[in-house]
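Listed next: structures, encoded as structure tokens.
Note that chain A is present in both complexes that follow, paired respectively with chain B and with chain C.
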Partner chain A sequence: MNTLYFRILLIGIAIYFQQGIDAQTTTAMDPVYILEQVDANMSAKNRIIHAKMTVHGRRKSRTIESKSYSVGRLKSYSEYLAPAREKGTKMLKLDNRLWIYAPSTDRTIQLSGHMLRQSVLGSDLSYEDMMEDRSLLELYDAKLIGEETVNGRETWVLELRAKVDGVSYTKRKSWIDQERFVPLKEELYAKSGQLLKMIELSEVSRVDGRWFPQKMVYKDMLKKGKGTEFYIVSIQFNASIPDHYFTKAILKS
Partner chain B sequence: MKLAIQLAYRNLMGAGLKTWLNVGILAFTFLLIVFYNGFMDGWNAQAMRDSVAYEFGEGHYYHKDYDPKDPFSIKDGHGIIQVDNLTNVVPILIRQGSVYPDGRMMPVLLKGIPAKQSILDLPTSYLQSDEETIPAIIGKRFAKASRIQEGDDVTIRWRDQNGSFDAVTIHIAKVFDCDVPTVDAGQIWLPLYPFRSLTGLDYQSSMFVINKEFDREQYPDWNYKSQEELLKPLKMVVDSKKAGGSIMYVLLLGIALLAIFDTQVLSIFRRQKEIGTYVSLGMTRSQVVKLFTVEGAMYSIMAVIAAIIVGVPLFYLISQSGITIPQSSQTTSLSISEVVYPKFTLSLIATMILLVVLAATMVSYLPSRKIAKMDPVQALKGKIQ
Partner chain C sequence: MIAFLLKGILRDRNRSLLPIIIVAIGVMLTVMLTGYIKGILGDVVRQSARFETGHMKVVTQAYFDNMAQLPNDLALDEVAALSQNLSEHYPDVDWVQRIKFGGLIDVLDDQGNSRGQGPVAGLSFELYSGAGSEPKRLELSNSLVEGVLPQASNEILMSYKFADKLDLALGDEVSYLGSTMNESMAFSIFKIVGFIRFGVPQMDEGTIICDVEDAKVILDMDDASSEILGFLPKDRYDKKRSYEIADQFNVSYQETDDEFKPIMLPLAEQGELKSLIASAENMSFIMMAIFLFAMSIVLWNTGLLAGLRRYKEFGIRLALGESKGHIYRSFTLEAVMVGIIGTVIGTLIGVSFIWYLQVYGLDISGMMEQVESSLMLPTRLTAQVTPELFFIGFIPGLFAMVLGNMLSGIGIYKRETASLFKELEA
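Then we have the complex of A and B:
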């Protein structure tokens, strides 16, 4: 009798866990859930990033080191630390306005319109790309279109279509790591369907309790070249950033 | 007066090489002044003619939020033209974008214009096409800068009215030769109606160009700029260059006049006995002053005659064949053609003759005044006074 109860109990426990596993798998495969998890990893109220950007030119490559402070999607301040030629150059973004301070001329200029579409220091990123940082869930409807292996890791392939106006890329394809909920590859498309940019993200590590890629390779698909590597030396999420970092006075300080 | 002219002529001929040196340098200066002013007038006329033909028409209407001098205003500076008859206007929609010739990214202004317009001389008929690829026309300056050739297919990218990126491949149907950089440099002209659809700005325009038949009533959302106002900056640039260039020929004219002045001073010093003789024979002092002044003025008359002999055939040839402008000068933001045809008008030549003759007469008269104070007896003796 005891054996029978024991067996029923075991079967009950097995069914319970099976249901739990099924429920977890179903939830994980829900594209909205995936995006929530991605945003939880990738988005933050504010962040301080110390990064190195390697721009591959036709003849030679150069590395630019910078430190950036950002709060939400509207405020961002960056200072270039190296090479000597760029050292001291500062960039301030407030809402949709962008100012650049060049120490060589001791002047601050505001970028707008077509100038924002130019590449940042010859990279595959435009100033507009750097200013684009809203969370994916806020902007896109997601659809799970398959599963693929990227760099040996299992990923979900999501097709994202803009659900609000004013999104830079109305369609994206994201390859999301099934275990860590971090995009490992992204394709950004124009409204016409033309592939504009490709981003490869790698060296995912644990930072402040979240998974975050340390290396990103941006490739403007309309341009020739090997693309631009963005390597994060250190990153801090939700750190305290003084308010004066987001005033024009910081540029000449 | 007749006697004075006869005597002056004989004296000048008698002076030989000295006279011809003075006449030569004055004639050269005269030719240079006429040439420089003729060149600037020719450039001005050509620049104005081309600017009107390719860009200004009879005037522009800009949307109230669009300022051509402010790139910040392009994004929101557009609206619907409430004009009943569109035959007398050319609507233009302007957006900012990028072009990717051969894998390079370049910022450009994308301009939509009706293919069937006839107000501007732009070859917009090439924008009519049944092909799926959108045709486009570009100017030779931009073609050279971007290394895009006629027949090439290139990708352009822009943001639509909501800020989303869009990109298509366009076909360069024509590279036009135009001397107006403001319709050429960094610009791609596209057919208006497909361009409006692509940007999501149906019926919208940033500006419109009008012709003479257009009824210029007030349009509340549009600011009018007449052809004269549009041409004003160009005229100011040419006038400023003209003024800058005048320093050179003022200096040259100054040297020529100084030579005449020196000659006159030396003549009065060396020809004291002659002056004394004139007075002894019954000439008044003022008649002698007049004689010397006429001598000086005659340099300028002879210079003008010499300049006409040399200049008329030379300037006629130049005005026919024109002057080729170096490529480097054509890349400036000013409207300048490959060949500038100088414009030598009668008023220009008459003004320059008057200027040279009056200036030469003045510098001749100034030292001659000393004669009036001379004692004829001392002068006859040749004693320095």
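Then we have the complex of A and C:
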């Protein structure tokens, strides 16, 4: 009898632990959980990025160097450092407003509406792409649709559908690194289902305790050309950024 | 016999004046309608050529493939050498550079904040730069609502509706934001020196015009241009010549597959104008054919009536012993002479009127202020004297009239000598 009770107890314990293991696996594969982990890597309270963007046009390629400061989701300030024609051009984003300052004219122009969908400096990124920095969880409902290998790394494939209005891309497909929770590839779609952009993210490295891709290649599928490469020269998370960087006065300083 | 008949026509006006007047009027209307239709078609072609197509247009293959997007990153490069080459090979053609561009116009308030802005299409011509043929060709002065043409760097004309929307006055400054040829940001400050009316809603709601040299500086197109347009001598379009030049030019580049190779497009092969010309030619042919048919019926009827009116005269001539064949031949010959006289008179009057319209035109700018069209319509209505005007009148005036006479004249052969006196008594 004792032996029987002992066996039942063992089976019960085994079932309990099995359920625990299952629960853990389910948590790891829960698309919401995956997005939370991605947001934890990709989003930050603030950051300073020194980057180089190489735009591969149909005639020639050119590299634009910039330094950007951003706080949360709403404030961002960028200054272009090179080439000479772009040097001194500044952009300030506050909420959904964007100002561009040109040193050659000493004037500031505010962009809005459909102008934000225009390409930035001939690249494959639009002003909206640059301004869109809300967390994925906030914008999309996620569904896990499979697993694939991208550049030798195992990924979860998530299908994201917009759950709020005014999102630039109503559907996205993301390939998320299963170990590092960083997107390695993304496809961005229009409401009609047309593929608008593809992004490949690589050179993932550890920065301030998080995984972050150092290279991103954007390809606007509606444009001929070889796409735009975005390299991060240096990145700082949660650095101290003075408040006046996010006022219009900074543009003419 | 011809001299005898001519005397008869001149001396017996009762039988010749009315047919000649009717033939002349019919021929005059035919000639005038033909010249007027040719003129309208020519005006639309001329207007499009002036602003849009030239008689020939040189662009890169890549630019041509994306022309609607105004892709200046795909524009012609090394245009100084290309222009020189074109001028050497085709010295009778006026080759001009033009740049089209898009962007945003922004207007600041007193505090330096944006108080209004809108997307804009920019057109640039050799207004004060270049050889000076463009201002005359474009007739921009006629379309000015207020102000003057740009005389100096960074001066622009703005479409009047766009200026109204942004509440702008002459002398105001606006900021321009766009893309350079290398797709960097293009910034400039323009001073408005004139307001212009195109009569085309899309253009009136957002267009600026500046000198092509300004556009080159702003858009970083030092030795580049969106297009090089060619205009044949005296700005007269010659379809055959434009195709000849374009074919010759394109042959020299046919070996290369470079997407940036220059290609030349004759006017009739460009965009909507190609289908417009084809449909307008078809339509004018149908209209002229219908009118010609109607006039032919009228003048044929005149010939028939002439035969009936002279029924008694033919009877007397038969009674006097003149043969039926002689009467019929003289009657037909007389119709030919009346037809020729009427046609010549009608053609002269019609061509004179068309020539007057061609040289002086009819100012319809007052009417056009109320008209909005998707086509760039001319403000001066003209007609066109073409070689066919000198012979088209002969179809109704001579052939139809003579045919009518010949048909009615057949009745001569049915007259019986026995019953002639009875008929004459009646």
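Criterion: the second predicted complex is superposed on the first by the 229 of 253 C-alpha atoms of A that agree within 3 Å, B and C clash if a C-alpha of one lies under 4 Å from a C-alpha of the other, contacts with A are read in each partner's own complex, and residues count from 1 in each chain.
By definition in this document, a contact is a pair of C-beta atoms (placed from the backbone, for glycine too) under 8 Å apart; a residue touches a chain by one contact, two chains touch by 3 or more.
Remember, predicted model here, so these are calculated numbers, not experimental data.
Peer 1: Could you say whether A:Gly88 touches chain B, chain C, both of them, or neither, answering first, second, both or neither?
Peer 2: Once the two structures are laid over each other on A, A:Gly88 reaches no partner at all.
Peer 1: Looking at A:Leu222, would you say it contacts chain B, chain C, both, or neither? Reply first, second, both or neither.
Peer 2: first
Peer 1: Name the contact category of A:Ala162: first (chain B only), second (chain C only), both, or neither.
Peer 2: first
Peer 1: Would you please give the residues of chain A that touch chain B in one complex and also touch chain C in the other complex?
Peer 2: 114-115, 119
Peer 1: Along chain C, where are the residues that touch chain A in the complex?
Peer 2: Touching chain A from chain C are residues 62, 73-74, 104, 106, 108, 112-114, 117, 119, 175, 177, 179-180, 182-185, 187-189, 220, 259-260.
Peer 1: Which chain A residues qualify as touching chain C in the complex?
Peer 2: 55, 57-60, 62, 83, 85-86, 89, 100, 102, 104-105, 107-111, 114-115, 119, 121-123
Peer 1: In their shared complex, at which residues does chain A touch chain B?
Peer 2: Chain A residues touching chain B: 112-115, 117-119, 162, 165-170, 188, 190-192, 194, 196, 220, 222-225.
Peer 1: Which of the residues in chain B end up touching chain A in this complex?
Peer 2: Going by the criterion above, the answer is residues 71-72, 74-75, 96-98, 100, 102-105, 107-109, 155, 157, 159-160, 162-168.
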